[in-house]
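Both complexes shown next keep subunit A, but they swap its partner, so subunit B is in the first and subunit C is in the second.
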Partner chain A sequence: MWEAIRSQLVTMWTILQHTFTRSETVQYPEEKPYLAPRYRGRIVLTCDPDGEERCVACNLCAVACPVDCIALQQATKEDGRWYPEFFRINFSRCIMCGMCEEACPTNAIQLTPDFEMCEYDRQSMVYEKEHLQIAGTGKYHDYNYYRVAGMAIAGKDKGEAKNEAPPIDVKSLMP
Partner chain B sequence: MTELSTTLFGLLIIGAAVGGAAVLTWFERRLLGIWQDRYGPNRLGPFGIFQVLADMLKLLTKDDWVPPFADRFVFILAPTVIVIVMMLGFAVIPFGPELQVIDLNIGLLFFLGMSSLAVYSVLLGGLASNNKYALLGGLRSAAQMVSYEVFMGLSLMGVVMLAGSFSLRDIVLAQEGLWYCIPQFLGLVTFTIAGIAESHRLPFDLPEAEHELTAGFHTEYGGMKFAMFMLGEYVGLILICCMMTVLFFGGWMGPLLPPIVWFCIKVFVLICFFVLLRAAIPRPRYDQLMGLGWKYMLPLTLINLLFTGAFLLVMES
Partner chain C sequence: MPKIRIDNQEYEVPEGANLLESCLSAGLDLPYFCWHPAMGSVGACRQCAVVQYQNEEDTRGRIVMGCMTPVTEGAIFSLTGDKASGFRQAVIESLMLNHPHDCAVCAEGGECHLQDMTVMVGHRDRRYRGLKKTHRNQYLGPLVHHEMNRCITCYRCTRYYRDYAGGTDLAAMASHDHVFFGRHDEGTLQSEFAGNLVEVCPTGVFTDKTLVGQYTRKWDLQSAPSVCVGCAVGCNTVPGERYGKVKRVHNRFNAEVNGYFLCDRGRYGSGYVNSDTRLPYPGMRGAEGRFTALNHHDALAEFERLTVGRRVAGIGSPRASVEANFLLRSLVGSDSFAPGVSEQEQPSLQRATALMRSTPARVPSLADIESADAILVLGDDVTHTAPRVALALRQSVRNRAYELAADMKLQPWQDAAIRNLAQEQRSPLVSVTPGSTRLDDVAERTLHLAPGEIAEFAFAVAAALSGGDSAGNPEAAAVAQMLRDARRPLIIAGTSLCEEALLDGAAAVAGALVSREADGTRAPMLSLVVPEANSLGQALLCGDDAPDLATLTARAEAGEIETLIVLENDLYRRGTGEEIDRLLDAVTTVIVLDGMDSATCSRADLVLPAASAIESEGTVVSMEGRAQRYYPVFVPGDERHSSLYWLLCCLKAADHKHFVDINHVDEVIAACASAVPALAGIVDAAPGGSYRSHGVRIPRQPHRYSGRTAMRANISVHEPKQPQDEESPLAYSMEGLNRDEPGSLLPFVWSPGWNSNQSLHKFQDEVGGALSGGTAGARLIEAAGPTTVPEAATPSSIDAATLELIPRPAIFGSDELSARSAGVRDLMPDAYLELSVADAKTLGVEAGDGVVLGGSDTAFEVRIDPSLRRGCVAYAPGLNGCIGLVPRSGVSLSMAPDWKRRDADLIARDGQEGSLS
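Let's turn to the complex of A and B:
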C-alpha cells in the first residue's frame, strides 16, 4: 500500500516537471519535419545517365509488391530494348514498403522523400507512367543497365558490355 | 442582499459556471498537452481559445436524436438532472464575505445531497439507453458513487466538528487562524479522492471508461444531450474545487487581494491539480476502486473522526 501511494506521488511529480520541457510536436504545415534521403515516400521511375528509361518491364516489382498495387505491360522497342507499355501504381493501396525498390534489378523504381500526395478524388491516386517517370537518375547516378548487361541491343552486341567476356561457342572444341 | 440582487447574483453564478465549464474543456486539453509534451488545441484564435466555440457549434448543431429502443422520457430527463443539481450546489458556496446566494445553516448537507442526486443522472442515463455498455457504465457508477458517498460525508465531519457548524460561511470564518488543510489533512485527502470519484473524473472515470465501455453511460447520447452530460461533469469539477477551497483552504481569505480574487486563485490551482491527476494517474480496476473505498478510505476517515473528536474533548476539559 505504501509503495502504491509513493509510486502515484512520484508519477505526479514527474508529470509536473514536464511543465518545463519542450513540446515534441512538429507544427506540420508551417514547420516541415526533416526527412532522410532514403525516406520511403512517393514512387518514381528513373532514367539512366543517357536519358533512356531504366525500366525493363521485368514485373519483379509487381511480384514483390505485398499489396499488389503495381500493374505494367512489357513491350519491345525497335532497338531491342524492353520497356513498359504502361506502368500504373495505385497509391491508394501502396503502403510505401519499398519492396519494389529492393526487387528492381535495374534501379529503375525508387522511393523519394515526398509524402504530400493528398487528393480529393480517389481515382487521382492512380498514377500512370507519365506521372511516375522522371528525367533524372535518382539515387544511382552512374548505373546504366544496358551497358553492363549481356543483352544485345542495337549498337551493342553480345560480349560488348562493360566487364563482359566475349561469347564462347560451346559447341566448338577449339580452345 | 435584497431579493433582486440575490437573483441577479444567482444568474451570474450560473453564467460563470457554464462559461467556466466551457473554457475548462479547452483549458484542460491545453494543460494536458503541456504535461504530455504536446500542444493541444492551438489552431483557432489566440492559444486556440476559439476551440471552445467550434466545439459548442458542433455539439449544438447536431441532430438531437433519441434512439428508438431507448426509454424516451428518462433518456431526455437524465442529462438535465446532472446539470440542475450541480448548478444548485453553487447556491450555498460563499465566494466572498457577502457573496453568497443563500447562507443555509445546513449548507454542507445541502451540497452533499445535491452531489448525491447527480448519481441518478448517470444511473438513469445508463438504464434508459437500453444498451449493454451504457448499462454497465450506469451499474459501475451506482456502485462507485454510493460507496464513495459514504466516506465523502464522513470525511467532512471533522471539519464540521472543528468549526461547530454546517454553514459554509461559518466554516470559512472559523479558518481565520489556520486553514483546515493542516489539522484535517486526512479529511482533505479522503475528500479529494471522494470528490474525484463523485465527479467521475479520471482516474476514477469508470462509468465512462472509454477503453472498455466505449463511452459508458453516455454511449447512446449525442449532440446537446451529450453536451449537457459534459457540462454537468465540468461544473461538478468546479463545484468540488470550490468546496475544497471553502472547507480546507480558507475560502476567500488571503492577504492584500480582494476576497473573490483569492477564491478564484485557489479554485484555479485546485482545478490544475485535478487535471494533473488526470494526466498522471492510470485508471484502477473496478474491484481495486471498490477495495480502495471500503478497505482504506472508510477506515481512514473513521480514524480521522476519532482523533478529531478526542482532540476536541481534550481541549474542552
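Let's turn to the complex of A and C:
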C-alpha cells in the first residue's frame, strides 16, 4: 500500500514540476507558429520563370494521389503548350501527403505552409484552377520544363532546348 | 513440340516459332521493339538479345537475337545472364541517347512500350553528355500527329505502313543517324489504315491527333468491349471514355476478325458520340411546330399514347442492334416493319443473305480471307465499302511468298527474308469493278466493266469452271483457270452496286468451284460485302417478305398507318426527298428514336434520344454472319436511353403478352433468339449478365483510375455511389478482375510491367494466337446447305443512251455516323461526280467543271477517272449533296450554269495547319 501512495505522490510532483516549464501552447490565431517552407499545407499551381503556367496537364499528380482528389483535363494552347483546361482539387478529401508534388515533372504543383482552410460548407473546399494558380514560381525558382523538353512551342523551336543540337537537315548527305 | 532450356528451366515451345515469341508465350519478359506478332521479325533493334550455349559444356555462350533465332530441340539459352542483360542495357541506353524529355507532354506516356522496356531493362540515367539530335515534325493530316524527336528507329512504322498496309507515302529517309520517318512532303497520309501507326509505334512519334486536343491517359479511360458500327466487318474495338466524352478508340484483338489493326473510319469514326448534334432530351412538337423538351417519364407516356391502340408501322435500321429492331418489329408487327434500307438496296441485301445461307462455299472470316491464295473481287472497291477486308486481302496476296518460303524452309516470321525472296510475286487477285480500286497495286489483272457486265463476266467464269465453252471470253477462262489452280480461292462481291445478278454470279462461281472438287482439297470461300454494321442481322430478322419503303408509303397513303416509328434511321438517306416526304406526309404521327439530329428528326412529332452503340448494349451481325455484342462504355448522359429501353417500356405499356415479364437485356436476347430461328445463335455471342470471372465482375476502369473524388466535385462534393450495371458482367468501377474472361468481355489490356497495348500477349495463350478466354462472337452462318448454283440471271440494264449512276462509296463520308466525327469530317470531300474520259469529252467538260443532273438544279464538281467504264457516272453516297441520288438510275448530265471552279491552289495544298502560305 505504501508503494501505491508513493507512486501517487511522485506522479503529482512530476505534474506540478510542469507548472514552471515554458508553455508550448501559442495563442493561435493571434500568435502564429513558424512553419518551414517545406511544410505540407494548401496546394498551389505555380508559374515558370517566364510567367507562363507550369502545369502541362500530364496527370501524374492525379494518378499519384492516394485519395484521388485531383481531377483535370488536358488541352493544347495555340502556341503548342499543353495546359489544364480545368484543374480541380477536392480539399475535403486531400490528406496533404505531398505525393502530387513529388510526382510533378514540371514543379508546377507545390504544397505551401498554409493550412488554414476551414469552411462551414464542404462544397467550398473544392478548389478550381483559378483558386489554385499563383503568379510566382513557388519554392523552385529556376525550373522551366519546356526549356528541357524536346517539344517545340512558340518562342522555343526544335533544337533550342537545353542540351539539344539544331534540327537535322534530312536532305543533307554530309556525314 | 521442341523442348528448350532457358536459365536452367525446361520449356516446351511451339514448332517453328522464334525464341522471342516462345519466351513471351512462356510468360518470360524479354524486351523487344521491332518485332510485332503480325509483322514478324527483322532483327533491327537488337533489344531481344539472349545468350545461346552450344551445349552443356559451353560456359561462355554467344549473344543471339531472340526474334531471329528459331527454337530447336535441346537448345540452351540464358535471358538473365550478365552478358545478355548487360547487352540489352547498353542497347537501350544508346536508344535513349537522343530521346527527348517529353513524357509529360507525350500522348504515349503511360502506355509507352519504350517506357516499359526501359524500366524492364533497368536503364535509368543518361550518361552521355553530348547534345541530343532533333528533328522537325511534319504535318501528316488531321488524324496522326508526328513528333519525330521521339523516334528510336525501330522501323516498325514503315514496315507496317509500306509492307503490311501497302502505303507508299511514308518512308525512312536520309542516312546514318539522320534517319527520318515521314513523308517526302508534308500532307495527309494517304493510307486508309494510317491510324494503326498510333498503336504500332512503340513510342510517341505517331500519336492520335484527335486525342491530343482533349488528352486523357490510358489509366484514366473507362472502357468496355465494343464493336465498330462503321461498316459490316464488325471489328472489335475498345473505346475509352472520360468526363462523359469518348476520347479514343483502340483495337480490341480478335484472332478471327480484325486481329491487331483497324481502319481509320473505325478508329476515328466514334467522335459522333461527342457531337453537338446529339439529342439530349426527348422532344414533343407543339401546336406551333416547335419542340418542347420532356423528361423521360412524360416522353414515355407520350410514346405510349401515340402508339398503343393505334395503327402503327415501324422502320428499323441496319445500324441499330438486332435487339432494338426485334423489339420494334414486335411492337408494330412483322407485316408493318420495314428494314429501313433503300428500295434499291433491299433486294440486293435479301439476295446476298439468301446466297450466304445457301452457298456450299465457306463464308469467310477475315482470318480466312487472309489465308486465300486466289481472289476474285467482283464489283466492290472493298477499301471503301469494308475497309478492313482490303487490309486482309493485302495479306492474302502474300500467301505466294509464304509458299516460296516454305519451299526454302524459311519460317513465316522471317519477314525480310521472305519479302526479299518473293519480291513482286503475289497470289493472284483479279479485280472486276467499274473503275480503278485501291487494291489495283496488288492485283494481277484489273477489268473495268459496268455492273451488269460484271455479273455477265461472273457467269462466264462459272460456266468456264463448269467445263462450258469459254472460247468467247478469254479473260473469264483465265480467271477460271486461276481459281481452279488455287487451294483456297475466294470470291468477293458486294451489294454496293445494287446488282442482284452480280451476287448470283459470284455465288455461281463459288458453287462451281465446290462442285468441281468433291475430295476436299479445295476450300472455296464466298464473301458478300453488305453495307452496314447490322445489315445482315436486319436481313436475317426481316426475312424475304418484309415490306420496303414504297410498300409502306402506299399503305400510309391508303390510310392504313396512323403512327410511324422510325428507329435510329435518317430516312432521307434511304430514298429521294420526294419519296420520303410522301411517306411522312401520309401518316398522322411520326416518332423518331435516334441519337443524332437529322432531317427525319425535324419531321417528327415525338423525338426520343437514343444512346449510341458506345453507350448501350446490343448485338450486331457482321458480313461473315458473326453475331457480336457491344457493351456500354459509360452511362449515357442527360435523358438518353438505349432504344432497347424506350421500346421495351412501350411494349410493356401495351401489355404485349411476350414482353410483360421481360426486364433484362438477356431476356430480350433470348426472346429474339427463340422468335427468329435464323438468329438463334445470338445468345452465344457473349456471356449473359450473370457471368462472373473468378466470382467477380470485370472492371471497366484500370486499377489506377484517378480523380474519383474530384471528377464531379464541381457539381457536388458529395460523391454518389458508382453506377451499377444490372445488365452486363462489367462494372463501372475499378473493382473486379480483368483476367481469363472471354474475348467478348475484354475491356482493356494491361499487365504488370506492360502498360502499353503490347501487353496483349499476356491475354493470349500463344503470342499472336487467339485470346485465352476464347474468340469473341458466334457465327450464325456455317457453310452446309446443298449445292445450289444460281442460274444465269439477267442483270438489270438501263437505256444505253443515258449514263448510269453508279454508287462508289467513300471510306470517309459514306458512313452516316463517322461522317459526324471530327477527324473524319476533315477528310470528307465535297460532292462530286466521276466521269470517264470519253463521256467527259462527249459532254464537253473537264475536271473541275460543274455539271447538273437532268431534272435537278444541284451542281456537282466533275472529276475524271480514266479507268471508269464508259457510260458510268460515279458518285460517293452519303456525301453532302449526294443524298437522295438513286443508285443505278439512268441520268443525263449537262454543264452547270454559273459554276465557279474552285481555286486550283486550294485543292492542291493539302489541308495545311494554320495558313496556306
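We take it that the second predicted complex is superposed on the first by the 154 of 175 C-alpha atoms of A that agree within 3 Å, B and C clash if a C-alpha of one lies under 4 Å from a C-alpha of the other, contacts with A are read in each partner's own complex, and residues count from 1 in each chain.
Basically, a residue touches a chain if its C-beta (ideal position, glycine included) is under 8 Å from a C-beta of that chain, and two chains touch if they have at least 3 such contacts.
The structure displayed is predicted, hence computed values, not measured ones.
Shared-chain residue A:Val170: touches subunit C; no touch with subunit B.
Legend: residue contacts after superposition of the two complexes on their common chain; A:Gly150 is shown touching subunit C, with no touch to subunit B.
Contacts of A:Val26 after superposition on the shared chain: neither subunit B nor subunit C is touched. When the shared chain is aligned, no partner comes close enough to touch A:Ile95: not subunit B, not subunit C.
Once the two complexes are overlaid on the shared chain, A:Cys65 sits against subunit C while remaining clear of subunit B. Set side by side, subunit B and subunit C differ in how many residues of subunit A they touch, and the one touching more is C. In the superposition on chain A, A:Met1 contacts subunit B only, with no contact to subunit C.
Contacts of A:Met117 after superposition on the shared chain: neither subunit B nor subunit C is touched. Of the two partner chains placed around the shared chain by superposition, neither subunit B nor subunit C is touched by A:Leu35.
Look at A:Met12: by the touch rule set out above, it reaches subunit B but stays clear of subunit C. Subunit C meets subunit A in the complex at residues 100-105, 109-110, 131-137, 147, 149-150, 173-176, 178, 180, 212-217, 219-220, 242-243, 704-711, 713-714, 716-718. Interface residues of subunit A, counted against subunit B in their complex, comprise 1, 8, 11-12, 14-16, 18-19, 21-25, 27.
Residues 56-60, 62-63, 65, 67-76, 82, 86, 88-90, 92-93, 105-106, 122-123, 125-126, 128, 145, 148-152, 158-159, 161, 163-173, 175 of subunit A are the ones touching subunit C in the complex. Within the complex formed with subunit A, the residues of subunit B that make contact are 33-39, 276-277, 279-281, 296.
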